[in-house]
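Structures follow.
Both complexes shown next keep subunit A, but they swap its partner, so subunit B is in the first and subunit C is in the second.
The block that comes next holds the complex of A and B.
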């Protein structure tokens, strides 16, 4: 008996892979998350053909929300071409046949890990972030029942203490990513491992931000025009990373989040936009 | 002093380990029931702490002193009884009926606690400044500069060099750890300070320093202090009034001089005799 090799097409899957019941349940959790900005809503995270911790939370959100008319963009650490981004795009494309794009403004649904695109997102766009550890208090409290109680009572003193300890030791807050922020003056939220450079983009944004943690089985959201304030002491304002004096070697931008790249052959170090599609658009526009 | 409204009143406080049985009343061997093995750690304690006074609680190990103190600081939940604080709901509500948010408020602003074991009272891996700031943050402060100034002021008051405020208490000696605990407890100028065997385990010269410090704190801040010790010399040095505990019960109470000069209960007589 020979093994039958067949090319898989969308005919072999339900539209967007998940069964309709699962999608409904995830959408219900998402609605609740939108209704209570910053609150972590538990959901029944499904098994996917991807290991937990590889973006399954974000993928489940994408799969439950995507429709045939959507245009999908997937980025990983700002790049449209990374293995993860390409694989996720292929997977969703395979089971939905939706259009995919690298242009931020064309996309209706953007799935991302570790970055928010440089181009301001607009009304009608949804940005789905993959989250490894949704609980901002996990660093100060290991027990889930206690962190739930702390959120319920708005007891965020331990996280403030963490910031203060950083000031005492290093004279500045040293948290570079997953910088905690207060959502609508109620819940402290982990904005996923985006650099703190991206935190201000969450504040009063026009788009909908959704956060999915597949392994931790939590969904949370920042609806459009929501107040999102990064935690800071009255006398020590919140500061983003500074790239003063640096610019992208490809497009010349000096106001974007830059990656430092090391060329082992020449020994040269240079900076380059982390958001590859933004960089390309600037270059194309210049040409 | 005794004419004023008490800072804290405790009535019929009872904390037992076990279910208890009808025989418990008559068959207690020390504080343990011979029939059901229930331990009556704190048995029907009532006392008042008045403004500005130091109330000493003395007794042997296992007499229930620390259990009483830790119940007052919400570490243990008593089986029954009531305690009120002048500064919490004007003394009208039992502190053990308080919600967890209210309990945090009480611990941050109305009471300060210094444990016998500093591990219970300090975050050993956080700096001394942060340990003090924890109380200030808990009370709502969000000004880092002011918190640092307050931490420096308090550490100076307990004779710890401010140059060491960025160091973690795990690197400090036992006496220094106790002093950091004291400064942490004082952070929000509480009305009541609970001191649980603060000098136990320290060498004599450090003990003297800590006791001297407590005397200075009392003189400077004028707060009420509930002081637990098994050492009558410590009580004699600091306490205005003294309560003697044995097997979870109060066996004698009165002015410290009176207790020391004319002890009535047999156990107190033994204690005083051992001091001489």
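The block that comes next holds the complex of A and C.
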């Protein structure tokens, strides 16, 4: 009764891991998502060899879309070298052998967690975002049954109320990342935990944004040239994170999203670009 | 510097994976898959049940690969399952035809078909048996084999359920057979309110610890309190798939071991009372999980203010893969979002 009789080896996995039927099913859900920007399309999320909550929604999108001609870039927190980015790239590489890159403009397919690259994406590129909690209304309503109804009725009063309460209490809108936005004036959407800094990049962009939530089994999309407006009041405009006066200690950029770094010995505080490939390109260009 | 900011993630991961082998390398002795399959069978059963894949050898292999961690083994089996094309659906199994190895009722002393105690740890004293350290596996196997072959086989008759008699009496509601295709939770997102088929599938794949804890909360007062196990049966059921070229014909593809429970609670029936049934069925021998499932099934039917009576609370939080995946993702870098959080906090502080 040994395993050897079953003739299964590590080389027997399909191109892009999932069976073709599953990939087609995911692409169908994706097409529906593109047709209804900002609407969360439920899908039969498959289990992957990577943990649920570690980007399995994004990976399923990537696996369903990728072909032998594609060039893949994977980033996590803006970094190509972050452990999870490396792990995902390694997995997709193992089951597809596609070309990978760290250069944003070379990639046809970019999978990301928590950031949109600094270099504007162009027509033909797809950015796949990993989403932990797709439901923007979850912070005001715990029950899926109710949030679905709220979307259907375009009942977004509770989330506006939350913004207002935060203004009254702290004099600021205190939502950090995952800042909700209105897509084409119809659906309020969670842009995934990107910083507010990246929200404007979603608006009328040239590329296709796809959002995949594996654990929560939802896919949604922002097709090119879609209107995406971060929620704000007329008299209190939307505000992004500020790094006033700070610049990257490596490339000197003062217009990028910066990570704060502490020097353990001196206790000094530095800033550096969170988008490591952008940072490197600026440094290389200067030399 | 931390594990994202600079390059080196790739090397770090590779070394980390190599280091895992260190933790399996403390002895010259290997643990054979056959041994895991046959000697840790309750663990294998638990893993198969939570994975939703009945494959003993693969479950044993998965357990070997991950130092015996149930959640990792479930993870491995589920990921493997995603690569398999689904060619057939088995026909509906009628558990009245179960080849029973154990059957008890806590509701009635005498039940049609009789009670069969079978194998259970319930009445063992939990004293560590130090002699096991020197056990001769071959001798044990031979001894058991001899014992079995010296006995004359008895024919087993299909056994009606304890609830059948109560249904005839009208105390338990009878219902039509529902032969709608089930809502397959592995192919579709769970929707609320959910179908009962979706609920039962989700519960049978749930983490054993999670639903045991939930069921315990019901018994302690956060629910309808103390149900009665009307019947617990454990045994083999035969599986058939439809034979494609001959309509109405089917092919026997094997048997699986399972545990099935019906628990009874009193329930409102206009101006009088009736009994209501909760149902549990799980892969393998896992009695507490099957009982817990039946308790939760009943709570969800009843509804009410307690956590176990809230469908979304119960069904969305018990999947081993989902809960352990999301909890473990907290270890991933969150530098960007934390920076954003810091920014928001600082801005309120002027």
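Heads up, the rule we're going with is that the second predicted complex is superposed on the first by the 276 of 287 C-alpha atoms of A that agree within 3 Å, B and C clash if a C-alpha of one lies under 4 Å from a C-alpha of the other, contacts with A are read in each partner's own complex, and residues count from 1 in each chain.
Following the convention adopted for this analysis, a contact is a pair of C-beta atoms (placed from the backbone, for glycine too) under 8 Å apart; a residue touches a chain by one contact, two chains touch by 3 or more.
None of these values were measured; they are calculated from a predicted model.
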For A:52, using the defined touch cut-off, is the partner it touches subunit B, subunit C, both, or neither? Pick first, second, both or neither.
second
Would you sort A:14 into first (subunit B), second (subunit C), both or neither based on which partner it touches?
second
Once chain A of both complexes is superposed, is A:153 in touch with subunit B (first), subunit C (second), both, or neither?
first
With the two complexes superposed on chain A, say which partner A:236 touches: subunit B (first), subunit C (second), both, or neither.
first
Name the contact category of A:68: first (subunit B only), second (subunit C only), both, or neither.
neither
Just to be sure I read the superposition right, which of the two partners does A:161 touch: subunit B = first, subunit C = second, or both, or neither?
first
Who does A:172 touch here: subunit B (first), subunit C (second), both, or neither?
second
Can you check the complex and tell me which residues of subunit B touch subunit A?
100-101, 104, 126-127, 129-130, 133-134, 137-138, 142-148, 165-166
Tell me, which parts of subunit A touch subunit B in their complex?
149, 153, 155, 157, 160-161, 164-165, 167-169, 233-236
Taking the touch rule as given, give the residues of subunit C at its contact with subunit A in the complex, in rising order.
1, 3-10, 12-13, 33-34, 37, 57-58, 61, 75-76, 78-79, 81-85, 184, 186-193, 312, 316, 321-322, 324-329, 332-337, 339-345, 347-348
So in the complex, the part of subunit A that touches subunit C is made up of which residues?
1-3, 6, 13-14, 17-19, 21-22, 25, 42-49, 51-54, 56, 76-79, 81-87, 90, 113-115, 132, 142-145, 170-172, 174-178, 193-197, 215, 217-218, 241-242, 257-261, 272, 274
